[in-house]
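Below is one structure. I have some questions about it.
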Amino acid sequence: MKKLILTTALTCCMGAAAQADVVVMSWGGSYGKAQTEAYVKPFAEKFGIKTTMIDADNPATPIKAQVEAGNVSVDIASLEYADAVRMCDEGLLEPIDASKLAPAPDGTPATEDFLPGALTDCGVSTDIWANVYAYDSTKFPGEKPTTIADFFDTKKFPGKRGVNKRPKAVLEIALMADGVPAADVYKVLATPEGLDRAFKKLDTIKKDIVWWEAGAQAPQLLADGEVVMTTAYNGRIFNAVADEHKPFVIVWDGQVYENEMFAIPKGAPHAEDAMKFLTYSTSTEGLRRSAQWISYGPARKSALKEDLLFHDGKTEMLPNLPTYPGNMKNALETSMEFWVDHQTELSERFNAWLAAN
Amino acid sequence: MTETASLTTSDGKPLKAALAASLATRRKKALLLVAPLLLFVLVTFIVPIGQMLFQSVHNDGFSSTAPTLQAWFKDHPEGSDIDESAYAALAADLKQMKADRTAGVAGTRINYDISGTQSLFTSTARKADTMKPPYKDAILATSDKWGDPNVWRAMRDASSPYTIDFFLNAVDMTRASDGHIVAVPSDQAVYKKLFWRTIVMSAEITVLCLLLGFPIAFLLANIPMRHAMLLMILVLLPFWTSLLVRTTSWMVLLQQQGVINDLLVWLGIIDNGHRLEMMYNETGTIIAMTHILLPFTILPLYSVMKTIPPSYVRAARSLGATSWTAFRRVYLPQTLPGLGAGGLLVFILAMGYYITPALVGGADGQMISNMIAFHMQKSLNWSLAAALSTILLVIVMIFFWIYDRIVGIDKMKLG
Amino acid sequence: MSTIQTGEPFVVFDHVQKSYDGENLVVKDLNLSIGKGEFLTMLGPSGSGKTTCLMMLAGFETATRGQILLNGVNINEMPPHKRGIGMVFQNYALFPHMTVAENLSFPLEVRGMDKAEREEKVTRALDMVQMGKFAARRPGQMSGGQCQRIALARALVFDPELVLMDEPLGALDKQLREHMQYEIKALHDRLGITVVYVTHDQGEALTMSDRVAVFNDGRIQQLAPPDELYERPKNSFVAQFIGENNKLPGTVEALDGDHCTVRLQTGELITATPVNIRHVGQETLVSIRPERVEHKSEMIPAGAYMIDAEVIEVIYMGDIFRTRMRVAGTEDFVMKSRNTMGQTRLAAGQKLKIGWHPADARALDPIE
């Protein structure tokens, strides 16, 4: 029955990518562009395998639909960490043998070269990105916001706030702004009192929040002057500054970072080529190339050994990556276990909180 | 028997039979003519709606992955002691889940009921291969949550693929650990409020559309043809623009640094520090949706008004009615079919709208369709999305029925 | 132009002009007095201004210049609902969402009449048009004739002194129309109301009216009782518009009081009665009614003028024969002869002499 539903829903939209040999599905925008430049184009050139990039709002959704319908057209998907783990548990992804991944240039095996947590049963990390907040420096001629608490301080820094419309990485910063150390955030959040505390903190700025959903909206809201500061994916803000010379400044205090994973959907039509693509992309060189297009940190130690320049040839990348030591002073890694377990409940609570006036 | 029963055709067949045969051929031909459309509607409309209804009460995420437990629950009625045999069944299923990589599927289903159980399944399944009897101790050693009667209650409920739990969920109800149906805590109740808000906002939008559309339709119906054509193009213009473009233009106009606010500040009507908040709230949704849905009231109203000759109002006036009375007693009642059709159309469309509130609605301008989209696209809880959709469909049908009772569906005139 | 026939002038158009676009006058200097209790018909082709006059009287249009008086009061600025004029429309204009009784009750309701009185009046009005059984029907469930009766009853139910009718019988078939004409006339006589009736059907105008105002080009061409209109048309437009008419073009050769001599285009000299002939040498159209033309010598009146004719066709119409012939160069000269016992039926191609009395030949202005 379920298969029938999905077939009905999907058959109409699946024609587009049918021709290519390897189909990659990612998030579009400047991130999709970075992955196209860093992985897709050089891979196609080197191996002579036709490779196509297609966009989705969140690739997890169509991948789940395709696998359940038994009509998979995507070979590689870019997934958030929790989704990669959860979908792996649900048997929607092919397991990946980490020992087959490319070793570091100095010969260190991949399993040792990747940062802790960057390899899971079905996914390989391509980069580490962060939820940060950024402000428009022209709006604060005097004192500038420097801490996560400043984001919640509308007395000191009046003006609208842009916030991602989901509980993930929002409840966390609320707690950190309320004084919870990064290490204790998930412990506190797992208790009912801690959850109430997070929502209470959000209540203090609720009327000043403009909610955004697509990653590209955050820098847009800042540029339009609709908000004076906003949470954002750090790469989107970086590109707005580096490419468009916007007067935006990222505040790294209280950043919430996580791995972005490449995974192969179960039943991918070209699983072998997909594995080739994955190995090629997640090599030290591949990850470094990606970091030249967007400020997300490569997940390999070997990729961070040398300096990195933005593709404009002059901007230093390392200080702009979430993994740069200077940016990690008060940083929190998203807890995959916490969100896999509490996603449903917290989404509902969050939606209820949003709907309440 | 009557005489007609014995009537025959010239070649001796009974007349009734001959008539029926000729009618049957005609009916077959008619059926053949509509067959392509019927098939199309069936495949693209009826079947998906049927599937949606089915999915709202059917979720085999647990029942298909835990057959041993399913059998155990069948043999042991509710209230039975959760003994070693139950844990042995659980262990057998967990082992199979590990082999099939389906622990997450089972966990997801139970997690809909009891939050925090997704990883209970995945983490225990990982260790399932090494478990040895007595299974009760082995399993409880991995996590004491397995001793929670509520988890067992949830597994028993989920062992049947058919459930009304998603409908309970969709009306802010849940099951307590004893299986009784209770309301969810008020800080998690969201759907009833959203359904109500959806109805209220749709009604507000409908009323606004009718109020704004009525004079335009009247003008259209009563000015010379060449002016009417021009005005009609202006009315239809929004139809020819993509919904997204229209919504985005409203964002440009309405936002705090937008055109309207700039103009008001420039005119000195409002202070720069107190710009109006017309977007990312209910106001924004109502303004943008009213604009987008306005043609749906204007067109039916226009087509009805076009057929009302001016002599009716003249007659009323000559009979001694003031222009207001003539309008109220004579003109307005005759536009009812158009008002009804336009109103119903806008109301139903508004009930299901989702792009516009998603873009300009902010937090308090969200409608139930946004929640359905959320469960379809983000939380991936399709059964809940299906249950919410089913309720929305039923609400729309109830309003349709009320409309039919009050105005009469046969009186509707769409254009 | 204004001859008051009965009683006091009830409705007066005083130098009324109307223009819609500010350039062309639809009604040009209209002067008309209508007496109390009179049945006056405005007759004319479409676009002649008759309906505009009615609409100005009803209050749906305002006069560009001049004034309209009702009972001696200037009503130019008075809104329609205060005029108390009953009106019957061409398409009946019965309110489709109300029953017959509600339709009739409407004018009484807006006058604030109480329920008992309303019901009594509605019943009386329905009985008056023999529609008492139809009170609960809706207009959509009735035939055109029934609707027209209801429309009539509705226009009369609040006892107006003046009732306007805008081509009320236009949508009915011929038989029903004739029947309704008598009924309307009878009602008018019985109730003593003043009726202003607009139509383009000359038969209707002649049957019902006390006086007929023939409209053309925004002006009244002639205002007269039906018989006078038919028998003594004042100009060729009226002559042609009212009834059938033979026209022989020619030039006036001699003018002598109530006689004139006209030379037809084919050279014949005939005697005619001058109507609007001012001088010798003027172009003219001599008008002769077909039923006044005779071909049997014993029927031709003394002093009649005889002329050659050739039969082109004969149409049998039951009560009459309609004979078309060639006379003095025209091919559509018509003679109507009653289908009496001794009547001879002519045959196409037959040549004969026909004649008419000079009093029946009226020399009119030629139409441009």
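Which chain is which? They are A, B and C, in the order written, and residues in each are numbered from 1.
By definition in this document, contacts are C-beta pairs under 8 Å (C-beta built on N, C-alpha and C of every residue); 3 or more make two chains touch, one makes a residue touch a chain.
Chain-to-protein mapping (UniProt): A = Spermidine/putrescine ABC transporter substrate-binding protein; C = Spermidine/putrescine import ATP-binding protein PotA.
What you see is a predicted model, and the numbers here were worked out from it, not measured in a lab.
The most centrally placed chain, judged by C-alpha centroids, is B. Set against one another, A-B and B-C show the most C-beta pairs in contact at A-B. Chain geometry summary: the mean Cα position of chain A and that of chain C are 89 Å apart. Note: centroid distance chain A to chain B, computed from Cα atoms, is 31 Å.
Our note on geometry: chain B versus chain C, Cα centroid distance of 65 Å, whole angstroms.
Across the assembly, chain C contributes no residue that touches 2 or more other chains.
Those residues of chain B whose C-beta lies close enough to touch chain C in the complex are 309, 311-312, 314-323, 325-326, 329-330, 333-334, 336. Residues of chain A that touch chain B in their complex: 1-2, 4-5, 8-9, 57-58, 60-61, 64, 86-91, 95, 160, 165-166, 199, 206, 209-211, 213, 224-226, 337, 340-349, 351-357.
Interface residues of chain C facing chain B in the complex, by the touch rule stated above, are 58-60, 79-81, 83-87, 89-91, 93-97, 106-107, 110-111, 154-155, 158, 164. Across the complex, chain A is touched by residues 43, 47-48, 51-52, 54-55, 58, 60, 100-105, 107-108, 111-112, 115-119, 121-122, 187-190, 193-194, 197, 255-257, 280, 358, 362-364, 366, 371, 374, 376-381 of chain B.
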